[in-house]
Amino acid sequence: MNPAAKHIGLIGLGLMGRPMGMNLIKAGYSLTVWNRTASRADELVAAGAKLARSPEEVAAASDFLLTIVSDPPALEEVLWGNCGAMPALKRGSIYVDSSTISPALARKIAAAGAERGVRFLDAPVTGGDWGAKKGELVFMIGGDAETLKEAEPILSVMGKKLFHLGPNGAGQTIKLAMNMILALQVDALAEALALTTRSGIAGEKLVEVMQSSMARSGVLDVKAPNLLKGEYVPSFPLRLMHKDLGLALDLGNQLGVALPATAAAREIYNAVKGAAKEDLDYSAVMKFWKR
Amino acid sequence: MNPAAKHIGLIGLGLMGRPMGMNLIKAGYSLTVWNRTASRADELVAAGAKLARSPEEVAAASDFLLTIVSDPPALEEVLWGNCGAMPALKRGSIYVDSSTISPALARKIAAAGAERGVRFLDAPVTGGDWGAKKGELVFMIGGDAETLKEAEPILSVMGKKLFHLGPNGAGQTIKLAMNMILALQVDALAEALALTTRSGIAGEKLVEVMQSSMARSGVLDVKAPNLLKGEYVPSFPLRLMHKDLGLALDLGNQLGVALPATAAAREIYNAVKGAAKEDLDYSAVMKFWKR
Amino acid sequence: MNPAAKHIGLIGLGLMGRPMGMNLIKAGYSLTVWNRTASRADELVAAGAKLARSPEEVAAASDFLLTIVSDPPALEEVLWGNCGAMPALKRGSIYVDSSTISPALARKIAAAGAERGVRFLDAPVTGGDWGAKKGELVFMIGGDAETLKEAEPILSVMGKKLFHLGPNGAGQTIKLAMNMILALQVDALAEALALTTRSGIAGEKLVEVMQSSMARSGVLDVKAPNLLKGEYVPSFPLRLMHKDLGLALDLGNQLGVALPATAAAREIYNAVKGAAKEDLDYSAVMKFWKR
Amino acid sequence: MNPAAKHIGLIGLGLMGRPMGMNLIKAGYSLTVWNRTASRADELVAAGAKLARSPEEVAAASDFLLTIVSDPPALEEVLWGNCGAMPALKRGSIYVDSSTISPALARKIAAAGAERGVRFLDAPVTGGDWGAKKGELVFMIGGDAETLKEAEPILSVMGKKLFHLGPNGAGQTIKLAMNMILALQVDALAEALALTTRSGIAGEKLVEVMQSSMARSGVLDVKAPNLLKGEYVPSFPLRLMHKDLGLALDLGNQLGVALPATAAAREIYNAVKGAAKEDLDYSAVMKFWKR
């Protein structure tokens, strides 16, 4: 099929959404976009995207809708708020959400879509803005295998790996589990660095030894420089990691699964968020010990 | 210098001490050993080591003493108990301890050694029994650079990397920081797997996605199979990891460094240790959610 | 004013709502009631209350509406669900909610009421079913002082103390703060009893000493017998305390106020809730150590 | 028996030891005292006590020895350090320790005493300096009933209640359990006040409501004014409460009893201790939220 014949809608033009949209345009798709702050669309519009006036307008123009917004309330507003997308989605279309939300909301959206003949995938991503630019995101997908098969050519433009993890909600569940682990890894590094430096030993020593040991990790490679330098330019913002820890704890508390270290870490991120004057990367959890 | 001219003493013939001793013998050193349970010495004696009747006898026979026992009380007993090693150490000899103990005890030993003209290095190791067998341990070393230089030929027989981290105590501080991180990484994986499986998704799915993401880690490669299968044959025993978390928290509480997630994780390891009927690997922290 | 001239609506006929309604009837008020499970209304209907078919019908019949349901979703359903109360509330009427919900939801309700000319008080209660029966509840009230003055004759029928704590939301904030403290007091007692009994000392000894010391408390008098006997007939159900801890943590995380011990305790209540086969009092947190 | 015929030794002349000694003198006992800082003995010496030059000298002069020092290392120094008391204790004498130490150390002392024909009671106290002055302390006692019977006339001079709780160690176990509860009650109040005040509501409102509810407690009456005013003149110093939490956690971790909220609270006290410039009451845990 000619990509240009497929009309794609994209709602949410943040750090992730913009490069994802750019890759769709480069692949030849016709793209209609919307963002709460319209100016964020400039680059995409210059590249050929059409700017809609509402989520509703995007949905009405699309065979395939993709949303990627900051949190559950933002997504609910986009779908069911004023001029929301849900009631305008076309029968037979596919809707993919790549925001990080609760599995319960993903299932609620799936049910609402099904009532209208719309097939839904929850498909949060990992890989950062860097992965979004390179088209090398990892998609964690919940939903129907047939739907995924049909969505695959489009998702493959943005990601290098598509993991089908189960029915709707499964993508979000795995995403929350992943982010718990990332948040705890960075917090563990911060606690260990606090202990090390307060003992009078340079943090670099700890990092150097770790890199030669089983304690090595992706997080260590990417985030240790931030913690050592105290520079926290947002790659994945702390406020979003804090939100995801809340979603993971909500899920654990619905299921009766105790998450003691996650709960402890969430309060540390919370303390840093409460004291922060600006938007910081989640590695700024280190500031808990540098107040 | 001919290695055989150097008399080495080795106290502590556990999972780590035995292969370390074997590598010293293979390198041509003359070795005198002692262990609380004497039968653990059989293999080394068969390979040419001399079995002493007390720590004192080992110390008296050695130019270079190495100890690697399970915890601080065991080391204090070896050094200052009945027929202990410390009063018998030879002036001018070098003493290296590779147990994991508190930095404070390492400094106390260094001071006691200095009074007798004995130079001390705290040099805990990482790399597991596998690294010990291959002679590929990583040594985290606190003490004098000159002493380390002199000890290097011997330590290099057992390890591939010798990190000099600062004065006495620095090796132990970094070791405790490392083990905090390992313990939290495994606990984080366990919390995430508990959330995933209780959500009805196979834990293997989470591990598979993690391996393609920034959440990948040395721990994931080595320990995820244990957690997924529920098989916890001790490689690094949970009771020792639990002890090391206690040492890290003691240090943090002496220094006034709060370690909230470490404290939360320690109680989980504690609960599992309290309920365990047998010796388990520290990855058995997963049992907290499978009771 | 003749109480009978005032039409009161009551939605939510649980452990608290039923005796509160009975006291209103005894005081001479005309009462219209609704409950999701209609059979719970039998006793009140027998005493003279009118049973409505929907929340909407209750609201339409009332000068003064009182709701007391189990959680925020239940209240949202009652107000804005099918045949909900909010759109039917009469201009000039007063609406008092005694459920425990988030301060944010209390403010949202207040705003929705104001749009319709309805004055709202958030007025959660403490005192248990026993206090409800005796008409000796404590009301924690957020809202306008004038409104409270008008509501006072009615609330005084059910409660012995009316604390006016600030604008809308303030009642709920204080209620959540109170329940955090109660939950932590009971958890602290449970942790201390676990330590005591595992040390081989009867828990009764600890309780006896506490009663002679500064560690005495209302919770100790009321809940210690439950913990000692292992009998947890619900007075205040664990599932509701667990929910309230979640609301308190949500509030803390919105405000950037870290609540580390509350977060730790919540996960213990969570573990017990997850393992419970039946409805238990919140003092059943003790079961965490008796699994 | 004439009290003056009984020679009592007292080691440890802090906030508690001084008034306890004064009550012994008033009751007519002959008293020999020692303190690391000798000037603390002035008042007692003026009242008739004899000042010894070492713990050894006190022990040698006493039929009944009482110690009350700040922590386990201080007690070990007093007993087994230079010119220590233990080797000088008279056969047939009674030794009572009212410090807060670990149950294990209490049992070790009991065993060492038994070897010398000395009967030992662990008898930590509660009631504060105020209770010490009034002779209204509560003693939590571990040891032999016969020994307690013989010690009772002397202990009754200082305390109004003597609880016999079990064999040696039992007094310390109950004391640690008590202090866990006190520490958590004060931390719970601090967390709740932080939530309340950050919500824009005066903390006094929370305290007022609590006093009318089941959340009332001895701690609330005594400590709430400190937290509200931010005045933390030491009554029971934070550094000692922090130490006792460490002893309780050590005990829990030896027994395999998880203490999650206690562990969380200990790290908060730790953070405040680490940042404190001066000696503060343990109610200063509130400073965690006021940095």
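In order of appearance the chains are A, B, C and D, and numbering begins at 1 in each one.
Criterion: contacts are C-beta pairs under 8 Å (C-beta built on N, C-alpha and C of every residue); 3 or more make two chains touch, one makes a residue touch a chain.
Note that this is a predicted model, so its numbers are computed, not measured.
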In contact with subunit A and subunit D alike are the chains B, C
For subunit A, which other chain has the most distant CA centre? D
Taking each chain's centre as its mean C-alpha position, how far apart are subunit C and subunit D in Å? 40
Dist(centroid_CA(subunit A), centroid_CA(subunit C)) in Å evaluates to 37
Between subunit B and subunit C, what is the gap in Å from one C-alpha centre to the other? 53
Residues of subunit C that touch two or more other chains sit at 252, 255-260, 263-264, 267-268
The subunit A residues in contact with subunit C across the complex are 242, 246, 249-250, 252-253, 255-260, 263-264, 266-268, 270-271, 273-275
If we count contacts the way the header does, which residues on subunit B are in touch with subunit A in the complex? 103, 126-128, 138, 140, 161, 163, 165-166, 169-170, 173-174, 176-178, 180-182, 184-185, 187-189, 191-196, 198-201, 205-206, 208-210, 212-219, 222, 248, 251-252, 255-265, 267-268, 288-289
